[in-house]
Structure formats: structure tokens, C-alpha cells
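Naming follows writing order (A, B, C, D, E and F), and every chain is counted from residue 1.
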Amino acid sequence: MEHDALGEVLVEVGSLKRMQRTGWAMRGVPYVESIADHIMGTTFVALALADVLNADGQGLDVEQVLLMALVHDLAEVRLTDLPASAARLIPAEVKSRAEAEAMAALLAPLPGASRLLGLWQAFEDRDSREGRLVRDADKLEMMVQCLRYELAGSRGLDEFWEAIDALVWHYPLSGELYARLRAMRPG
Amino acid sequence: MEHDALGEVLVEVGSLKRMQRTGWAMRGVPYVESIADHIMGTTFVALALADVLNADGQGLDVEQVLLMALVHDLAEVRLTDLPASAARLIPAEVKSRAEAEAMAALLAPLPGASRLLGLWQAFEDRDSREGRLVRDADKLEMMVQCLRYELAGSRGLDEFWEAIDALVWHYPLSGELYARLRAMRPG
Amino acid sequence: MEHDALGEVLVEVGSLKRMQRTGWAMRGVPYVESIADHIMGTTFVALALADVLNADGQGLDVEQVLLMALVHDLAEVRLTDLPASAARLIPAEVKSRAEAEAMAALLAPLPGASRLLGLWQAFEDRDSREGRLVRDADKLEMMVQCLRYELAGSRGLDEFWEAIDALVWHYPLSGELYARLRAMRPG
Amino acid sequence: MEHDALGEVLVEVGSLKRMQRTGWAMRGVPYVESIADHIMGTTFVALALADVLNADGQGLDVEQVLLMALVHDLAEVRLTDLPASAARLIPAEVKSRAEAEAMAALLAPLPGASRLLGLWQAFEDRDSREGRLVRDADKLEMMVQCLRYELAGSRGLDEFWEAIDALVWHYPLSGELYARLRAMRPG
Amino acid sequence: MEHDALGEVLVEVGSLKRMQRTGWAMRGVPYVESIADHIMGTTFVALALADVLNADGQGLDVEQVLLMALVHDLAEVRLTDLPASAARLIPAEVKSRAEAEAMAALLAPLPGASRLLGLWQAFEDRDSREGRLVRDADKLEMMVQCLRYELAGSRGLDEFWEAIDALVWHYPLSGELYARLRAMRPG
Amino acid sequence: MEHDALGEVLVEVGSLKRMQRTGWAMRGVPYVESIADHIMGTTFVALALADVLNADGQGLDVEQVLLMALVHDLAEVRLTDLPASAARLIPAEVKSRAEAEAMAALLAPLPGASRLLGLWQAFEDRDSREGRLVRDADKLEMMVQCLRYELAGSRGLDEFWEAIDALVWHYPLSGELYARLRAMRPG
């Protein structure tokens, strides 16, 4: 049948609902979000950012923003979510090559695969205004989740805030929203 | 601060990661997907459908498709996921009005709120080619998950297949992919 | 067979063990109690209240109290637990009618269905001393659970205490026990 | 304060929501019901049985039935749920004495403690028509849950059915409902 | 077949991965470690202690230490983990006899069963330097887990620290490591 | 303080209780064992194998066997459990080097670190009789867990059996036990 490969990709991508964002698990949070949860959140944050910026006349391509956010962690369905402690042990270029290979295989059944791979690469390389926006959204979403854990009682997540404090945001709006999240931390 | 309301919406939307797709819980599946999981899956299925159809010259607006998929169940962050047994007890127009009210409140902090509400309404009413496509994607994604449960050992989900067998798909491609999923059911 | 319908109701009611008390899930508590958990707790709290009050000569009908507590949330097996944010979106009379319809259908296989429906209605309407007692027990039990979450480390549940602070208890004993729970909150 | 001890019992009893029915955990079922879940279920099954039998003129004391069902496993909040493999290793009279001691301590703050203890003892000793009914309800409820696991895909639970096949029911109605559950097992 | 009994023991021991350390469940911690988790942790702590002590010339038998740690809670696969509240209700000698009986049955298919039982008995009776070391490791590991819960946000675990404060450690090193853990408690 | 680094390692190793064996999660099993669960299981399987072989006069060093089993997956506390799909994307020597680096850092606070690293390397390289035995134990334990999932109702795990069918066992005993597990698979 024609769409067999496509059907199989849809089923495989469903694994992201059961796969954990490992950094949280290692810190002992009560309920570890799935990679799919994070992708949904990132896509929504990216939409919110693009919407505010475009109302300000920045002319971001919203379709590109949404596509990048949707596929930004797709490779993890084969590679899993490697936490910071693992990233320190595996050379960045090895990880990049592994992700690119996984992405190419996963997207192959889609006719628009090469465009999607190009968008994903632009996100990886922060090589377009849209890619940089999704990078900001990815980090902001992590901190939305971090804040949600803390508001519900989690402790021991200071290192996430410290790491993000040191981050240079690509858009001032991202920094403003981050400051807002930080202000919502429980005392 | 300017973006306080936006920050609060991002945090509230994060609740979707903890909220269950209730129909699965009632059937006793081992691990109930979150509403956020389902939204991520639906957005990916919608992208796949649109990509194949556009390669065939259908000229669907991908940005609209992604936006509709992303927000299609957003109201559930306040309303929760009402299963079929609840939908039979609450008049459809009451549910529709409640969803519209929730959507309007949630999206209010976004400058493009009215456009997003319009797109969501088109999805609800199946009132555009993109809206109909996302309706198909929503159902297909439910069946991807259903199949995943069955492949992993779940039983007792026949009524889902029977209900969808009776569905008229808006696009033949959706029906073909559904047939493909059905063929993957364990013996 | 004669008791087929009864057997099916017993199996359906078992779903309450897998269905979440949604308000807790939305706040991100680590482990969301089931509706069945809450019903068991409410029945025990109601017994405790009735026992103390009857020792004081109040002559409450304990059988009625236990029956009301046991069935007070039974309709949720079809309707699910609608949190406060949903209740604000669905008119109270729509919800009431839906519950009554679900209750009637669920209890139909029991010969004493009409008596049980009557008792449930008295609870809903706070229309008897026993009904008012079970209403107090329902709220007290929610706060027992809220306190248990806080004692174990949960935060962000202040709004529950604030809402109940504003409640008028039907029995002074309920208010005294609530004060006791409040005094046990961690610093 | 006067009701301090009562408040503490309510909080302690809440632990039953987090404590597992251990026999299921040992068999690897996906989602282990809580002891509170089982108590709620047993109380509902007991009500259903009593209701049918009383419609038939048997004149069972429903208040007693409900009280017995509600407290029948209360001691487990201190003793935990000892599965069959543990019961084979601990002499029955040691377990009985431990349960009686736990029950007495737990119920002490209730003015009607001695009546409740007497009812519980009648359940333990199957020493009244109501006590025997609740014994049937306790076993029936276990099989409702067993059936629910199997309907949802669990395997490896045959030993439960075999053990209950060998049971002599105190009421023919219980046997009829059990036969009904057995007939619902998946092929 | 010759190794049938051995195969069955391996499968049965696997149950320890699904069985909870009940004391944590009763306190409402978010995620209850399994008995297998605790055994792994205890074996590692025991190795660490023995390694430091032997570097200091104490000449502990590391093989014995590891064997004792590995089997120290094996009986719980049949008896479950009885928390302190249960241990207060069941006479210590009854529990000891039940454990010894379970151990003997579980280890029977191993040719070296009697040596393992002897080691386990030495652990139970603190009757060798290695047995006393594993006793320290068992308690230290419990406090590592307790600390991990607190670092992640759990509250209400003071009674564990208080109980262990009163413990006499068999090795000063254990006390030093405990002091170190205590110093890491969140403010 | 002297043992600060040791205390920190004990706490870090505790993360293994919360980290998933990712291969199972991706297949949708209901309850994913922890890495610590697997280490405990492997150590017990390794003991059983060594015990039977030594009764047959093979003279394996049990202390070495236990140490290797205990530390064989320790590096995963930083690297996480990389499933087969990830191992296909990351060159084996990169993974090996990352593991060796993690192991060296984790074990540094132990005086016997270099001996333990040497044992772990022998396991990695199958470079001693004990190392080969633990390799067999690691695979056997995975199949004990796989069988446990299937006995409890999981499906879709055939690829695990097929992969292990193709494995050459280092010891005939391992193959015999594997055949025994295979014979226990549900129909």
C-alpha cells in the first residue's frame, strides 16, 4: 500500500507520549512530562511569541515557526532525550549527526521532507529569525514547566534557573517573559 | 508589567500536560495520555496529511492547519476532556458555548486572538478545507493512540474502531491511513 | 440472565477507581486521588460526623447518611469530575439534569433505585438533615486530602482553603473539624 | 481541642488512598487499585446485594451492612494489605489479633467505637447475616476488579478465578453475580 | 527440566520491582521506590562502606557483604514490606520466622542455599562484622532515599530522621556519612 | 569533611531509581522498570548463575561477579539508558568512552575505584570468565522482565525474543535458563 511508511511514522511518533524528559526524572520531580508534552508546549509558546512580535511588525513566518517547533525534538523518538549530564559526555557533533540521521529517516515518508529538514537545520544552527525564535521558545517552555513544578511543591531546581539566567535570549520579548516567570517563583 | 497576562496563559496551558484524555482512563488503559500529548500528535498528523495533499496540488494553507490543530482542544484546560458518555448528557450547544467562552478568555492576551478564534470556529464547524482536514487528523490521531494501546496489549477498545468505522472522512487520504492503522491491529 | 444489568453496573462503577479528581491534576499534585478514593473518604467522614452528633442526641439516620455519601458522586462515572473552572462554564441546571439522568440510569437495576435517587436528590438540594451532613462531609473530606497533599510537600493549594473559609457549614462540628485541619497545615 | 483525635484519624485514614492492594502489584497489573478504591467498591457491591435481597423480603439491616463494608479493611492503614503469600507465612490468629488491635486504636476517637468494633468482629467471624453478606461482597468486588483488569488486557490472573471457584458463597445471589462476571471474561 | 525451579525463582524475584516500600506510600511521597530499588541502593552503599573500611585495613569480606545486601530483603517478595506501624502489631519473632521460612523456600533451587541462609541469618542477628555493616548500609540507604525525597520537595519525613538519630551505628564511618546526609537537608 | 564526595555519590546513584529503562517505555509497557530495578535483578541472576556453575566446580570469583553486576550500568546515572535505536545512531566507541568517563568520575571517591573500573572494563570487553557471566546475566535479566511483561498481558515484544534468539551465550547454563523462560511465554 502506498501510505504504509507514513502510517508507521505516525505510530512511531506516538512513542514520544511515553518517553520522559529525562532531566526532570533525574531530579525526582513527581510526574515527569513526556517529550510530546514538551513539544506541544513549545509550539504554543512559539506561537505566542511570534504573534506578539508580528503585531509589532516583525513579519516572522508563522508557518515556519510552527513547523520548526513541532519537529524540533522529533529525533528523540529514536535517540531519547539526552540530559545535560549526557551531553557533556557525548561530543556535540556526534549528537548533531545522530539527530540529523534520525530526522531524515523519520521524515522520509513525507513529500515535503527536505523542506522540513532544512527548517530543522535552521533551528539547530539558529540560522534564521524563525529558528532563533523557536530556540527561545524551547528554553522558555522548559522554564514554564520548571515553574509549574515549583509552584506545585518541587524543590532542588535552582540549577535550571541559574543556567537560563546566563542565557542570551535572541528576542527581548523572550527575556521579558522569562523575567515574568521568574517573578512567579514561590518564596 | 506588560506581558503578565501572557505569562499566566503559558503557565495555565501547561496544565494540559497533567490532564488526562478521560475516555482511555475509563477503559482502564495502563497509561493515560495527556491532553497535551494528543494535541502534539494531532498537529503532527495534520502536518503529514497536509503535506501529502499539497504534494498532490491541493493547496491547503499549512499555517492555518497547524494553528487549528494546536488550539483545537485548548479549551479543555478549563473544561477538561469530556468523554462520549458525558457528551451524551450535556447538550452539544451548551458544550460549544462553554468551549467558545473558554477559548476567548485563554487567547485574549494574544494580539492575534480574533484570528485564532476564527480558525478554531472553522474547525468546530468544519467550515473550511483546513478545518475539515484537522477534524480528520483529530480522529486519526485518536486511532493511532488506540492502535498503540492494542499493540502493547490493551483489550476492550473495539467500540472506538466501530465508532470510527462509521465516520465519513473528509479526505480519502484520511480513510486510507485509517485502513492502514486498522490493518496493523494485533490478531 | 436475571442479574446481567446489575453485574454490568458493578463493572461500570469500578471505573471510578481509574478516574481522577480533576481539580488536583490541574494543580500538579504528585498523585491524583481517584473518584472512588474520595467517595470512600467521604463515607468515612460522614460516619464520623454522624457518630459524634448522635452521641449528642441528634438522632441522625445513619443508614441514610451512609447511602447518600456512597452515591453522592456516582454520576461522575459517566460525567467525570468537573472542576470549578468547568462548573463556571456549564450552567448549574444543565449539570444537575445531567447528573440526575446519569444517576437514574446507573441505579435502574437496583430494586431500591427510587429511594436512592430520592436520597441523592436530598443531598443535592441539602433538603434533609442527613443531606446537609453529607454536604459537610464532602467538603471536609476534600480538605483532608488537601491537607495530606500539603503535609507531603504540595504547594499552591491556598485557593482551596480560601474557598472553604468562606463556606457556611451546616453543623458546628464540621467547622470545628475544619479548624483542626487548618491548624495542621505546615508552616 | 476536643476533636483533635478525630481529626487525626480522618487524616490517617486518608493514607488508604495511597496504599496498594498488594496482590495485584505482585502480578504486574498496570495500575494497582488503592485500598480505599476497594473499600468504596465493596460498600457499593454490598449495598447492591442487600438491596436485591431485601426486595426479596430478607430483611437485612442495611445500616449494618454499610458500616461493616466501610470498616472491613480499615486496619490495613496500619497493617497494610497482606497478600495470600504473606497470609501463608503469618499465623491467622496473629493477623486477627493485630487487626483487632489496630481497629480498636483507630476507632477509639468515635463515640460509637464499641458498636463498630462489634460489627467488624461479626464480619470477621461471619457471625451474622450481615457479616456474611459483606464477606460475599468483599470477594465479589475483588473479582469485579479482576475482570476489569482482564477486560483491559491483563493476563495471568487465572489463580484468582480458581480460588474463588472453590469458594462457598453465603448467598446464592452472590454466586449468580459471580457467574455473570465469569461469563464476561475475554476469550 | 533441570533448572525449572531456578527459572521460576528468577521470575518471582522480579516482583520486587513492582512492590512498594510501603512506609513511603503511607507518607504520600510522590513516587514510591520499589523494594528492588532499595536492594540495589543498599548493595551499593554496602560496597562503598566496605571499600572505605578495607582501605583502612579492616579486612571485611566483600563477597559476604554483597551477598548479604543482595538478599537482605528477599523474603519481602512473599511477605511484602511491613512498615513500622505493622511491625508494632506483629510480634518480632513471628515476623522473623516468616522471613526465614520465605527465604528458605526462595533460595532452595540454588546449590549454595544453606550458605546464603547462614549469611542472611548473620545479618538478621548482627552476628558478624559483615552483617553489622549491611545493617548500617540498610539504614543509610533509607536515609539517602529520604534525603532525595526532601531535596525534591517532600515534607513530613522528620520522624525518619528522628528515629535514625537515636540509632547506634555499628561503624563510625556510617555515622559520619549519616551526618553528611543530614547536613544536605533543605532548610 | 572527609566523606563529602562519597555522600554525594550515594545521593546521585539514587537517581537510578527514577530513571527508566527506555526500551520498555518506547514499546508502551504499562509500568517501566527503573535502571536500579534492572541492576538489582541482574545482580541476583548473576549470583544464581555463579552459584550453579561453582557447584559444578567452575571456580568463578563470586565477589568479582557481584561487583561487576552491581556497577555494570552505573554510568547510566549520567548517560541515561540508551535504547537500541539510539545505539544505532551513536558510534559504539563514542558510547564506550562516555561510559568509561562517567564511571571514572562516579567511582573516584571510593578508594578501590581503580579495581572496580578494571572489573567494569572486563565486563565491557567480555575479557574474563566473570565478565562473560555477567554479560549473560544482563541479557537473561532483560528477558526475565520481558517475560514478566508478557505474562501480565503485554504484547509487541517479539523483537526482544528474536534478538536474544540470535545471541551466543557464553555459558550453556544461560542458554538453558533462557529456553526455560521462553517456554513460559503465554500462548
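We take it that a residue touches a chain if its C-beta (ideal position, glycine included) is under 8 Å from a C-beta of that chain, and two chains touch if they have at least 3 such contacts.
Here the structure is a predicted model, which means the values were calculated and not measured.
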Label of the chain whose CA centroid is most distant from the centroid of chain C: F
Among D-E, B-F or C-D, which pair gives essentially the same interface as A-B, with more than half of the residue-number contact pairs in common? C-D
Between chain B and chain E, the Cα-mean centres are separated in Å by 48
How many Å are there between the centre of chain B and the centre of chain D, using C-alpha atoms for each centre? 41
When the centre of a chain is set as the mean of its C-alpha atoms, what distance in Å lies between chain B and chain C? 31
Going by the touch rule set out above, which residues of chain F reach two or more other chains? 18, 28, 30-31, 148, 151, 153
Chain contact graph: line, ring, star, complete or other? other
Interchain pairs in contact, sorted by label: A-B, A-C, A-E, A-F, B-C, B-D, B-F, C-D, C-E, D-E, D-F, E-F
Enumerate the contact residues on chain B facing chain A in the complex. 1-4, 6-7, 9-11, 13-18, 31, 33-34, 36-37, 39-41, 43-45, 47-48, 51-52, 54-55, 62-63, 66-67, 70, 110-112, 140-141, 144-145, 147-148, 151, 173, 176-177, 180-181, 184
Interface residues, chain E side, partner chain A - complex: 30-31, 148-153, 186
Chain A - residues contacting chain E, complex: 27-31, 153-156
Within the complex, which stretch of chain F touches chain A? 15, 18-20, 22, 25-26, 28, 77-83, 85-86, 88-91, 94-95, 98, 101-102
